[in-house]
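After this come two complexes, each holding chain A, first together with chain B and then together with chain C.
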Partner chain A sequence: MIKDLLWVEKYRPKKISDVVGNELAKTKFIDWLKKKNRRKKAVLLYGPAGVGKTALVNAASNQFNFTIIEMNASDTRTEKTINKVGKPATSFIALDRFSSESKGNILFLDEVDGVFGQQDRGGIKAIINIVKQSLIPVVMAANDTDQKKLRPLKKVCQLIRFHQVRIPLIITTLQKICSAENIEAEFEALERIAQNSQGDMRSAINDLQSTSEGKEILTLQDTMLLRTRNKDIGMYETLRGVFSAESVGEAAIMLSRSNVNYDDFLLSISDNLPFRYPESADLATAYDMVSKADVFRGRVGTENWHLLRYFFNLLAKATTVSPKSFKPFDFISPPIRVMSLFWTKNKRMKLENICAKIALKCHVSRNTAKTDIVPFVKIMLEKQKSSKIVSWLKLEPDDLDYLIKMNKL
Partner chain B sequence: MVVLNKKSFTLPRVEREHFVRLMRLGVEYDRDKGTFSIASFDNIEAILDSISNILNDEILFLQNCLICDNDFPCSECNYPEFCETKNLPFQCVCPQCLKNRKIPQQKLF
Partner chain C sequence: MTINDEAMWVEKYRPKTLDDVVDLTHIIENLKAFLKNPHSMPHLLLAGIPGTGKTTVAICIARELYGDKWKSFTLELNASDERGINTVRDRIKDFSRYGRTGFGEAPYSLIILDESDQMTGPAQTALRRIMETSSRTSRFILICNYSNKIIEPIQSRCAIFRFSKLDKCAMVEHLKKIAKQENLRLLDEAAERIVEYSEGDLRHAINALQTTAAYQKDVIDEKTVLQVFGEASPRQVQLMINKALSGNFVEARKMMYNLIGQYGFSGSEIVRQMQRELMKIAYIPDNEKAELTNIIGEYDYRLTQGANSDIQLSALLAQFSKFGK
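Entry: the complex of A and B
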């Protein structure tokens, strides 16, 4: 029976020390798990696929005798289903916690970045509520935490980052598996499998199993059919890659491998250019390229994807105006515009609410209320705080404070 | 090129904004010893860029071998072009141990 198992299952880490790489992330997670009074009730493990996030949770629960209640991407994760499983699991402390054999339950939500769309409507909101009310540790895992929908979730979680597993560590693990399976493997073959995996331990083990199936000797020739795996890279790595690229081609390849949002990336390039080019002539050329790239982004819209390569090429050119002058600098990421919108969200919401009240009473649109009426209401309030207009518009005291302190619209 | 020790390292007098940025990124400062150390590796690439920017030089962290416990630089490694975490202060396996096919019995499985 165990012979037919996938090797990723057969050699799944049983102890924490079995999880290869990411030593600091492991220590951080164990420290959090061992704490009795956790500052944050949930932890979000994030990083590329196949680096040991799920393996660490399983190994830690095994070692510390926790019982895992798991929901992963194969389950439907609507608000209703998450509440159905998560609420009973997190609202009560299991009696077996008081026994010597078990320490209780852990709620483990794997691939939370996959909770989206119509299918999983309300899922993230339900998870946040569960985290806030939970009596047991909640552990989540995700590949990409840059997504907008995960921002509220990140606020209530302790974040632990996982990095790609290094090639020598993968080779050592593959050697160990080969010796356990009585396979004599050429070092070059294992080296090729490890390099091909690009830091993904799971895919390396799967590739090893597929190439050495039914063989006692694994040669380099056997691994020749393996195809290079594509890896997505995030915003920071993309910025770092394109700004330090030595040619337009290198920068363009980096851009095409990236999984960042095109609009955010355009803004980020624009924010970072002044740090990259101290010479004003270079800076002007680079901004010219960015403005052209922006034109192409507009033309791409949602259907003319064939124009995307021009967008990429122009951005690549903008970042490599003078490749030799590159010196490391502190990248601005996320874009300033996105950040300022994020920080001013409450203020903007407040103004929107006031405009909605005025619009309702004056029978105008919210926009008209904002541009034509609010400035006059502000002047009136500055002169006389408790005027009749306040009660007529049903403005609250904090609305008044906001309008009086507001500088400009 | 400056070689730093991941456990603690010193920097020349750092401007306020650089200091605040380092602290935000996850670097800790020991007032008594006057040394910096990396407390969180979540923003390790940004920390590396910031320190490099402060020192105005390329910086390098030595790697610690999981098998023989020796320190070695990434320049000795045969796979720098495949490694997205090169020069970052993580544990690894040194080329000698890898070549000798020493398998860590306790640390892996």
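Entry: the complex of A and C
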């Protein structure tokens, strides 16, 4: 019976120490799990597929005696169903927590980036609500966290990033499995499987099983038929790919394989450039390329898609201005712009509102009001709070407050 | 000059009749000729830099045509706030269709379209048709800074009046008149300073004058004026330029995001202010200013072509920080 198991199931880690690689993420997660007062009630484990996110959660709950209540992409996850499972699970603390060794429940939402569209309508919103009210730990896992719809979710979670598993670690694991399965494997064969997996432990184990099925000896020859899995390359990988590329060509290939959103990607490149090029001459050259790429993006519009090739080539050039100077650095994503616009939205609306009042009275546009009149009005009001301008412009008390406290332009 | 209870002096002292308008004799004469027989008045296009009286003239015309009830016969829109084709199709079209001839002696309704050079191309094209079909029931006064941004078919349907920079002496005179009405002692050199800094923009000058009054000193002297302009000029933009020129790109970009985030400025607005402030920075020699202006111009152009203003502004700042090194 056990013989027929998929090896990925059979050799699934039972203890935390069995989970290979990603030591930093592991420690972070365990620390969070052990904490009595969690600052954030939920964690979001994210990273490429097959690096041990789900495995870690299972192993940890096994080791610490948590009971997992799981929902994954195979369940429909509308607002309704999520509430149906999540609400009861998170609003009570399991009774046996007080009686037995069990530490209680964990709500585990796997593949949250797969909470999609029409079928899963309202899903993310429901998850956020549950996270906010939950009495038990909520653990989530996702591959691609760049998606817009996940942004609100990311704010209420502690984020833990998983990286690809390093090749030597994969080889060691494969060797262990081979000896358990009584297979004699050439080192080169295992190395090829590991390389081919690109740091995806699960696919490496699957490949090992498929190539050594029914064999006692595994040779390099057996593995020659393996092909790289076509992966969806997310924002993070694409950024790393294009910035570490050694030539324009390499970067261009990376870009053509990626399926990130062009506009988000353009902004991300722009945000990360200064960290890539400390030299201001390099930086200026790179930005010039990005700026031209943006011009082409403008020309592409919604119809001239063939122009995209120039867009890509210019971006590829921008990231490879001086390949030799590349040093790894932490990428910024999502774009700063999005964040800063989000945080300042209220202030901006307030100012727009005041400008609209001025525009109405002074026969000017809101923009002219903002640049030409607000600075003067601000000073007048600072000097004379009770000025009759206030009532004339119909400014509310909080408008007045805002104008006076506002940073000078 | 008539006085009313408007709190902002720009409105309080906005001329009510064409005769009160400052320093535009030749334009006024032409317009008055039209107004003798209102039916002979064509659509008008008033072009010129800010604060030279374009909007004032338009409102004066409305007053001459309809008297104090001008607001009920006039649609005043600012194209920079409502620049899309929908505004043209909905509001302007509806308004222009009402024949006002039935009400009193008003010959037609008036549509004042301020900052009309901000209108999108499609909106202008839509407007062109409306101007033609509704010419029996309404007249348009288009106001703009740059008449070349108005499509030719519209230009050819209008009588064009160009407003140039106001005469300095006339501006000084006007400020003094206001000061007298407000019982302020405005020193000559202070008035001249205000006019000098306002660069022919009378609205700016009057706002500045009112701000100096808020300091509540007996006499408005040069010092107060300098203080006001120091406080009111957009310092953040200058700081951003300085940061970039000192090679600190990351900080400069942070300030740029702040300008966009806190004040909601558009990309082209920031570029415009950068250009204006650059000229005021004393430590940069003129030949370098020319080169930097060239850079700003290039990116201003790319802004109009590109898809994302953040990118172009960042690239512009990167060029500045390279230049500074």
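Keep this in mind: the second predicted complex is superposed on the first by the 255 of 409 C-alpha atoms of A that agree within 3 Å, B and C clash if a C-alpha of one lies under 4 Å from a C-alpha of the other, contacts with A are read in each partner's own complex, and residues count from 1 in each chain.
One rule holds in what follows: a residue touches a chain if its C-beta (ideal position, glycine included) is under 8 Å from a C-beta of that chain, and two chains touch if they have at least 3 such contacts.
Just so we're clear, the structure is a prediction, and the values are computed from it rather than from any experiment.
Trainee: See if chain A has more residues touched by chain B or by chain C, and give me that chain.
Mentor: C
Trainee: Output check: A:236 vs chain B and chain C. Expected answer is one of first, second, both, neither. What do you get?
Mentor: After superposing on A, A:236 lies in contact with chain B but is clear of chain C.
Trainee: A:167 in the overlay: touching chain B, chain C, both, or neither? Say first, second, both or neither.
Mentor: first
Trainee: One more residue to check, A:266. First (chain B), second (chain C), both or neither?
Mentor: The answer is second: A:266 touches chain C but not chain B.
Trainee: Looking at A:288, would you say it contacts chain B, chain C, both, or neither? Reply first, second, both or neither.
Mentor: In the superposition, A:288 touches chain C alone.
Trainee: Pick one for A:132: touches chain B only (first), chain C only (second), both, or neither.
Mentor: neither
Trainee: So, A:383: does it touch chain B (first), chain C (second), both, or neither?
Mentor: second
Trainee: Using the touch definition from the top, say if A:351 reaches chain B (first), chain C (second), both or neither.
Mentor: second
Trainee: Please output the residues of chain C touching chain A within their complex, sorted ascending.
Mentor: My answer: residues 6-8, 10-11, 50, 55, 59, 76, 78-81, 114-115, 118, 203-204, 207-208, 210-211, 214-216, 228, 231-237, 247, 249-250, 253, 257-258, 260-266, 269, 273, 299, 302, 305-308, 310-312, 314-315, 318-319, 321-322, 324-325.
Trainee: Spell out the part of chain A that touches chain C in their complex, as residue ranges.
Mentor: 263, 266-267, 270, 273-274, 280-281, 283-284, 286-288, 290-292, 294-295, 297-300, 335-337, 340-341, 343-344, 347-348, 351-352, 359, 361-368, 370-373, 375-380, 383-384, 387-389, 391-393, 407-409
Trainee: Using the touch rule from the top, collect the residues of chain B that touch chain A in their complex.
Mentor: Those in contact with chain A are residues 21, 40-42, 44-46, 48-50, 52-53, 56, 58, 66-67, 77, 79, 82-85, 88, 90-95, 98, 101, 103-104, 106-109.
Trainee: Could you list, by residue number, the parts of chain A that touch chain B in their complex?
Mentor: Residue list for chain A touching chain B: 11, 13, 17-18, 20-25, 28, 159-161, 163-164, 166-169, 171-173, 175-176, 179-180, 187, 195, 198-199, 233, 236-237, 240, 327-331.
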